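Just below is one structure, and these are the notes that go with it.
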């Protein structure tokens, strides 16, 4: 017992004599969705850390929820507890984090949502969303696909399937909605036969595509919620020797870029995790510095296809 | 002591399993205040009968009367509440729980909302423990008790209810002599309270010491009941197996060869100290002592399962370090272990695979196991040891104890060892198979093996061994030869009294 | 006997020693590595830690009694998700529309009932078929997850009820609702294991099943009760958690069984059954959460957390084994 | 008489139950979807089951030896990531053996802990599941691994190649199954695995090296995992860190479905293969008749419990347990 007290005293002493407090800095905490699940998030993380280190005013606390909602909520609470100045959140689930975001809001900490938005009920509690406009991305993908079908002259008979991102994830929902709404507008006769989730996972997407290929003898186009899944689908088609399918994705990954270069993959949406990360950090800094920021702070994500890919550098992720 | 009314009466009990009639119209009476021995070879139906009495099996026909009232018992607790208490041969205690919880296992005294009434529990248990004159109390954790004390906990359970009949199944298997005496006092005590006692044991000397009557089962059928005072070992054995048995001491009948194994000042921690002995080819050396005297540990050390802390082992005169069973086997030492089911056999494997297991690496044709060689080896030893099995594909777990033991012996004989160590060769084996195994051990010695037999049964060592090492508490007290061995000497030696 | 006693107490109190080591380590390391000015052992931080350990902790308490009983339950994660779905979905069922916020009470009861039923189904199968609990619950881990998906496809089930959220965020005496529930769960289940006939019989069954059967203890019903209890606690954990989050993803709770088992084993419960304590489990749960929070506090990433947790589990097992070997006298089998 | 008849039915169903279930499912799916029995489809089922199947072969050894391996999923992610990373650094001919060695190192570690130190396999492999996942993330830095020059390497052979019209993953699966099947059923080593799993004490008392046997089983499991990782990597030429996540339980389900007892000492390679194929066909059949994948979970649940229940019913001669 006495040993314990002694230790506790020693610890308290160490705490009190700790490094001098630097009050002038902005302490910004970020909780990411799932670093390590794909390269986009990993690149985002390193870009974020690099951007934070480049700025002397900023000290960043970088956390990763590992895809687990519970852990993310715990991390938000920890950040509130640690009295950071601003919280950036890349939600694992657009709805489940709302109460945690409200707690931050109630504690007077401004919250910036990055990459994938939270549900509308939570809009009152965040200061800004910084990230891509995923509905527009979905629309653009539909346009890319439709244009290609027109080139090929099959815009009146083409049949497509969709491999969506993780169910319940705002990005996935928005991209699918954008694609599904826009496709009939530009190509009214193209039939979207089926949508199955690929969970942002290449292997899962490959399995889904294998099933599609067995089930449907005629598939002209595949829209995937990101290139990682798109390449999974492409692998399945390759293995089954099914040529001539138009693959369109989003979030252009280097694998997608390479497949485009080889002429096997048609198009995607160019979205840089570096831009994404830097935009999020800048938004938070702007808020802390009292600048006016738009509520929906989109960064531009242009179309990329085999035709214009030379204009873009190969993605690093 | 009234012997007029039966405490327990069975009438026409029949129990059938698919293909076997385990109990065939068994009728039996156990009087109040009587100690009634129930005997029979393994497979004679004793354990089935006990399970029927204990409420584990339901009889297909027949009636059980407790104090002349017909009862139907649906489970063990039901049986206990109806006055039949069963004390198991294998310890069935929960080691992490206290003595009290074990004594009242299944019927802890309750208070409101399902709470345990600890006060009553401890009081009642301590009261029972006082009757048993034990040194521990109700709160002791059972896992901290010695095996013998654990057995006393088991017995304490019988005293928790107002039992009409108590069934003891081989209760002395792991008790010291002193503990046995306490047990016999308890039995006497129960007896004087008018409880009917069923006493199951293979140990003749106990039967004659404490029982009033003996009933015998054979092949699921009731044979006869006789007053213990009016019968003899031979008569009971005859009833059990239907023929005569030779239990006399076998003389040394052949020339002894070279010293096969010599042990000098061998010690292993607290298990045994400074043990020295030698065994010649053609000789049977018996190790006699109580459980825990260190006999099994010596065997396990010779077989490479334990690391000796000091001392040397010489094989054919050469000092040898035996650090694993594989080395022991290579050096020609074989061990038929104490516990057939957990140490001797892989019960789920077939007969042949069990027998060829130690030499499976040598049964190859190319890289594969040679089926033909294996079957040939099995057939050879099946015939030689007279193992009764439908075929080599039979799962070993389905064989009788005697046949299982023969498989274990065959497993080692087929390796042609120089030294064969047999630990408790006939534990739990019926009388008929017992004598066959004894005969086999003698024959093996005669054909030149050096054999070490470890046993807790005096008749067994007297019968098979040329010389007998008496052990007590990890030390060799004395090595007897046929010239100086007597039952009295042996008993004194294993109780720690050094003969002059 | 004395050294036995010491060893036994050492192995049960080892987890608390480990917690003290963690506290010291993170407090000191935090001085150099942490980016915040709040001390690790800050009161608020510690309260938060308890709150955060509640969801896993509540289930771990149930897992302790199931494992003491000699079984295991791998389906708790799926039960957790299913109870969460029932909780949130039933809030908006039209039959309850007339009762205002009282619907919360009804929904909580429905969720808890769901947990009890799913747990009891496991127990019933284990009891009646005699199939090993590991296999039964490995099966129902898949099967219940299938039911979760069948409810709403792959879409999340969401229902943000602010009254419910406020209840979840409330504090009584400065302590979060989740912590109160966790604490009460620990206390009640500890009382059950120490002082009730059912609790003692659960130990007896796990320790020596044959003995229990021979003593007339009805093994099956006891196991059924314990599976129903862990089902209830998995649902309770879901209520505590989803009340504060308002949305269930059909994949939620996956791998919870592994974290729960890790916590229980760290707390000293034996896989073989018959031995273990609720208080030890409490220590195991806190130790894991400390490690998670602490590693986050000093800025370690996910990969380190996984690596460290996995290795610690193995090291603890190794130490436990060393404490329990009988040295040179042990048979080399 | 009725008793005996029931027992015979039980015995037949118990021994052949898994085959009966297999045939029943095949018939149902064949009736529901005409494509189900097409050669193309059958081949695609076997091909997509190959990765799971190869892993299940190794786990069969571990389970028969009386242990568990919950780490195969994260170990497979590890091998996949490592071989992809090394492919570009060392070239395929060095990358593959290096990856095999590293995976065997992990398997050897588990084998050492479980075999020689006698730690409980469930907890050890549970810990390793987490630790290896952390190791993989540390190794890759969390990044996806992709082969840069996908067209210019023969590495794709293992996952996408064909020999005589048969996909290489199928050939690898079948060859490994045949080799390990013979190893288990026909060699002294296989006999030792059964003995150690059936009764490790008795095996030790017969001079069988328990520790070494268990150790070897984990090496075999690691070898199979490495092969699965190789197929996986070669199939998609790139991978995420979580590619094998959750596979450990699917693998275990397949092995149990095949009739191996978790207590050890029973099971065969052939039965595991059937278990794997049943899972594969259910998955495929449901997709073809347009049911969502999660129905498969419910069906797997039901057949696992029925299969094991039948098996133990036969052993005890009664359907219901009396406890």
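Should a chain be cited, it is by its letter among A, B, C and D, assigned in written order, with residues numbered from 1 in that chain.
Here, a contact is a pair of C-beta atoms (placed from the backbone, for glycine too) under 8 Å apart; a residue touches a chain by one contact, two chains touch by 3 or more.
Since the structure is predicted, the reported quantities are computational estimates derived from the model, not experimental observations.
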**Message:** Going by the touch criterion at the top, tell me which pair is linked by more C-beta contacts: A-D or A-C.
**Reply:** A-C
**Complete:** Between chain A and chain B, the Cα-mean centres are separated in Å by 71
**Message:** Can you work out the whole-Å distance between the CA centroids of chain A and chain C?
**Reply:** 32
**Prompt:** How big is the gap, in whole Å, between where the Cα atoms of chain C centre and where those of chain D centre?
**Reply:** 29
**Prompt:** For chain A, which residues are shared contacts with two or more other chains?
**Reply:** 35-36
**Complete:** Within chain C, the set of residues that touch 2 or more other chains is 153-154, 213, 218, 301-303, 332-333
**Message:** I need the residues of chain D touching at least two other chains; which ones are they?
**Reply:** 137, 142, 201, 204-205
**Fill in**
Touching pairs here come out as A-C, A-D, B-C, B-D, C-D
**Request:** Would you pull the chain D residues touching chain C in the complex into a rising list?
**Result:** 70, 113, 117-120, 122-124, 126-138, 142, 200-201, 204-205, 210, 246, 249, 252-253, 256, 262-263, 292, 294-298, 300-302, 304-305, 308-309, 312-313, 316, 320-321, 323
**Contacting residues of chain B [partner chain C, same complex]** = 54, 56, 75-78, 80, 86, 88, 90, 92-97, 101-102, 105-108, 110, 113-116, 118, 144, 157, 268-271, 300, 304-307, 309, 324
**Message:** Taking the touch rule as given, give the residues of chain C at its contact with chain A in the complex, in rising order.
**Reply:** 20, 23-24, 27-28, 31-32, 35-42, 44-45, 48, 51-52, 55, 153-156, 158, 160, 165, 168-169, 241, 244-250, 252, 292-293, 296-297, 299, 301-303
**Prompt:** Mind pulling up the chain D residues that touch chain B in the complex?
**Reply:** 3-4, 7, 182, 186-188, 190-192, 194-195, 198-199, 201-209, 265-266, 317
**Request:** Would you mind writing out the residues of chain C in touch with chain D in their complex?
**Result:** 74, 125, 127-132, 134-136, 138-147, 149-150, 153-154, 213, 218-220, 223, 254, 258, 261-262, 265, 271, 301-314, 317-318, 321, 332-333
